[in-house]
């Protein structure tokens, strides 16, 4: 199974969620994070004094899917989270060895369905 | 004993209490809007108060009462033959009423109105529109009251402004809110009504409490002098407030926003007749106002799809209208009231006010909309009025800086 | 000069200031409870005020003073031979005291009490229990005061209600809190006392400030008319407040809750004797009340394991009791006071009030507990009274909606 | 009719309103500091008030006016030949002014000052420094006013304390702030000025509103008795407040902190001449004060690199100084004012106050710094005054406990 | 080493923590997240208008353990986080190549002990 | 590619960020978490009653880098986050199979540069 973690712009969350649901992926976990990348922090002024906004608010969406769904999930995210502007974010894919559904004890594919 | 000094004392406290009500308006609004618009709500209310003062000082008060303040201080202190500068504190007291007009409207148009166009509307309303009707009713201008008295046997009785202030403000908001359009995301294309949740119930409650307490200055000090101070007005205000809040508690199924606004609905409705209705009449007036507000709120928002954020049209408009008419019912001596009112005068006087408010609301905001636009851009609305207009959020340390 | 008008002005402000104190109660409680119970605290305080008004209007005030308001307005305006509707604003003023009873109890029973059973208790207490003792002491009912005077040489002196209002409310809370039981997670099975931290210190401080300021209406306007307005009462209230807050600062090691409640403890304690003790006596009364509150709070919570959330038993009960007795010490002319009191009358009068409060608290809440239950279900308590009762949280936009 | 009772009523309300202003100071500060210092701001303001009361009661008031309160109550009630204990409520009223001194300074030194050394400074300032200048100007002490009158043709006119209270407090803060040093992270080594963002704009706005409303007690009740109550004072306060807020709106480009503090700047500046300048003069005074505050704030913070957190030096110091002098301009009958003032007396009187304030600020805080230190350790400052001094944070449930 | 990430119901955190401690696992990191799965978002009413609660608040517990402890950890979590109701959450297991203790520079098993 | 996740003391974030930037690593994602480890929770007193602080606030910094940069990144974090006191935190390294830049669709090394 694959874990697909996407760091996206917060206001794109609704679109990404809808795109994933349409692709048949219902399980997802979302966290509020802050990011630094090409879209760097910047300096603002308050009453003539500077302050740094080093990190930009981002939303991290994590979906764990069966291997065959990974491509679909990535495409769904890329197309829905893309605004063409810097800071749209990145997707990281890694391997998951085992999944357990707490309620039933089911594992792996069963746990994900 | 110097009566003038005492009356100045009396009206200073009345004015201070109604001034405090503006803080109440500010917090009621800040608590009800989304967090990204809290700062703007606060700034808009206080600056509207500022512009109102200037407009009423230079134009409005003179229009309504024919008094101006351009003489030297030595004369001002004795203006109208009243000592201790009474007329000046009288101005202050009445200004706090006039400034309620933009404060009321503010709750309807919040979260998407532009700053300066709104300011312009404030100035026009407080300099011209409000004083016109105020002068008609309280200033005896244009023989309107004399005509009502001749026709129906009594002048239009609006002791503390259910109609002059509240229905006026509430129905002026109608044009503003309709011309502005609903907040993005409020009504789905398929017709569903989507909720936008309030940000902060404690702020909302604080605003309501400040308004409730200040309202006793609004009503009792409307007597204008200590001689006329009336325990009946105080008690009626109390009972209408309580009737409003309890009715809204039940009708609104324990919704904190309804409860706290229900108290205000009762107070709006009792202004007109607080000096003449029986306390039990006041309780009934309040109950009807509180339940009516809950009902009216949902009709306006969900049926008519008018995105009146704080519900100022039902709250000030609806309850004010009801209060104007109710004084013509419960004020009658047959209902234990003090009499001196007729139903017809109350009805006609009230509807006149409502008609002026509705038409002027559309005219003023319509003209400003055409000339300069009244609504934030979509992007500004999305980011919130706080960042778009004030360049700061409600909790800057937490929201804006690097940690 | 119309004295009645001036007295109406006087009491209107007194009533408005004590009305504001209810906002103080609401915020003191909202700041002290956990966030999931803030809305409920706010709604409960304002609706308790509403039900109290109705109960006191239709029953309580008549019970205490034999005055009712069912005559037409023309008569009400001159009730008891007093012009300008004085008796009606007098009702308003005294109601704000009566309504303090549920507001005080509220702080003890919060975070787990059911809504409507609590409302029922409010009505019973404000219609019957409070007016009974109030009438005994302030209404001269049943010859109780005459008996005290005959027996001990002076009537029981409780100028502004250390006992009539505060000890009554505080000790009524005892039964309520005990019968309700502690909040889930407050006392471990192994006997350890577990802290439940307050949600919002600024709200707590705001509540305390509003109470402090309003208290000057509570005390000074207890004179009932301008003629009796007393600078001594004002100064004594000030010094007791300061004594209370400074003592609590030291005894409570800079705990903000103790400091802000300490000021209130001083004010509770000075009510009874504020018109007769010397300012330095007032300072001492405040110091004892403030330190006593800090000490009493910990005894009640940690020793007796009574989960009195805001500490209303030590705050209103304990300091009220102390105030009733202290007036019999520092009020004596040998302590620089104005005299006219005896220690024994103060002791007996105070203990009578405390006894009535403790027994009626257990009776009223006990009966309601048996008949309908007074406590939220475990699940409701877990989710919080806000969601369970009001279907909304304190910051709905942030807590409840999709972002 | 009992005039004394009425005057007691008058001053009780004045005192209660200015007492409320201290809550305003507390929230203005709590909203402006970082979240980790909110509790400390709240506790420091209320305890400073407490210590001020004790200091002014036992020493300060006597120093300024030669009156003390050690006689038995029966005599106190008639002190100075005034009935109803008038002198005691007069004390209360004036104390609320005296206690404004530490409340003003507090806003400058917040976020890094130690608790008890600050308390010591409070006691010294309110017992000695403030009453010295107060006595000079308002108590007629040492022949200072007589000398001004003889020299320049009029005494120094400071009706409600632009200089006696505000410039005094604001310039006392200068020494305190300079000796304390800037908050960690405020000024970079390379000379850049780094912003430290406020935590809570609604609290800041609440504080400002409370101050604005209470200010009408501060100014109008400065008449001391009902006889002298003046509508001119009320109106001038209103117009200066409005002038200040509108000017700060424009000069501060819609910054909510500037708008809400601009209103206060206008009110600071009008205190001195509120009873003599023309309303339009008051508006001008307010406009200058509001714009001057925005400008002065940036000069002090960004040019002079004095880390005066709330900007109390420009707000109370600068606007107070301007107000003292402006009374000597707009108070002249040639400007439509009531006359009876001279520019020179206003200038000299004002500068005398400023000089006393600046020098005593450095002396008092300097001495305490040498003897015991006035600044939190670096680690305490990093963790915040709330945890370091009070062992609790502003939202303990959320910040401190396990969830 | 294995990384075990469990998305659980927030009010189960105390139980899970205790179960892990009992199993001898002391290192853990906790984050507040929001989730969507079988337990879907739902529509609520406020004053007659709808609003969506698309995501349900969840707590994410992460423990990194030596391979031999993985099974124990998973069992501890499953048994303590299970309420038998929908939304109890899932456990994801993945591989960790290296662990470093910042304070000492110790690595892997040493860093975890 | 490697994912390096460091759980550090919150007030060290600025130093860690600067160290990473200096090492030429600009992409990073930060989350607020709470941790339990050697630095255990503790019991505090409030008005004579106890309360537990079971978890200590921590900051989690995640950087995804090309394999050859992993060592550099780890060293940058270790040296900048180290205060020598208990609770300094840990670094976890795992494998990332694929990275996609949402804006451009670039993958892996291209997406990280």
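Points worth noting:
Every chain is named by a letter (A, B, C, D, E and F) in the order it is written, and numbering of its residues begins at 1.
The rule we apply is simple: a residue touches a chain if its C-beta (ideal position, glycine included) is under 8 Å from a C-beta of that chain, and two chains touch if they have at least 3 such contacts.
This one's a predicted model, so the numbers in the text were calculated from it and none came from an experiment.
Steps from subunit A to subunit D, taking the shortest chain of touch contacts, total 1. Common neighbours of subunit B and subunit F, listed by label, are A, C, D, E.
Of the two chain pairs examined here, A-B and B-E, it is B-E that is joined by more C-beta pairs in contact. Note on chain placement: the centre of subunit A and the centre of subunit F lie 18 Å apart, centres being C-alpha means. Between subunit C and subunit E the centroid-to-centroid distance comes to 47 Å (mean Cα coordinates, whole Å). For the pair subunit C and subunit D, the distance between C-alpha centroids works out to 33 Å.
Residue positions of subunit A touching 2 or more other chains, listed in rising order: 14, 31, 44, 46, 51, 54-55, 94-95. Each of the following residues of subunit D touches two or more other chains: 1, 6, 13, 195-197, 200, 206, 255, 392, 396, 400-402.
Against subunit D, the residues of subunit B that register as touching in their complex are 1-2, 5-6, 8-9, 11-13, 15-16, 19-20, 22-23, 26-27, 30, 38-39, 42-43, 46-47, 49-51, 53-54, 57, 69-70, 72-74, 76-77, 84-92, 95, 115, 200, 203, 206, 389-398, 400-401.
Against subunit C, in their complex, subunit F makes its touches with residues 44-51.
Listed in rising order, the residues of subunit F touching subunit A in the complex are 3, 14, 17, 26-31, 64, 94-103, 105, 111.
Taken in their complex, subunit B has these residues touching subunit A: 382, 392, 396, 400-402.
Put simply, subunit F touches subunit E in their complex at residues 2, 6-8, 31-38, 40, 54-55, 58, 60, 74, 77-78, 81-86, 88-95.
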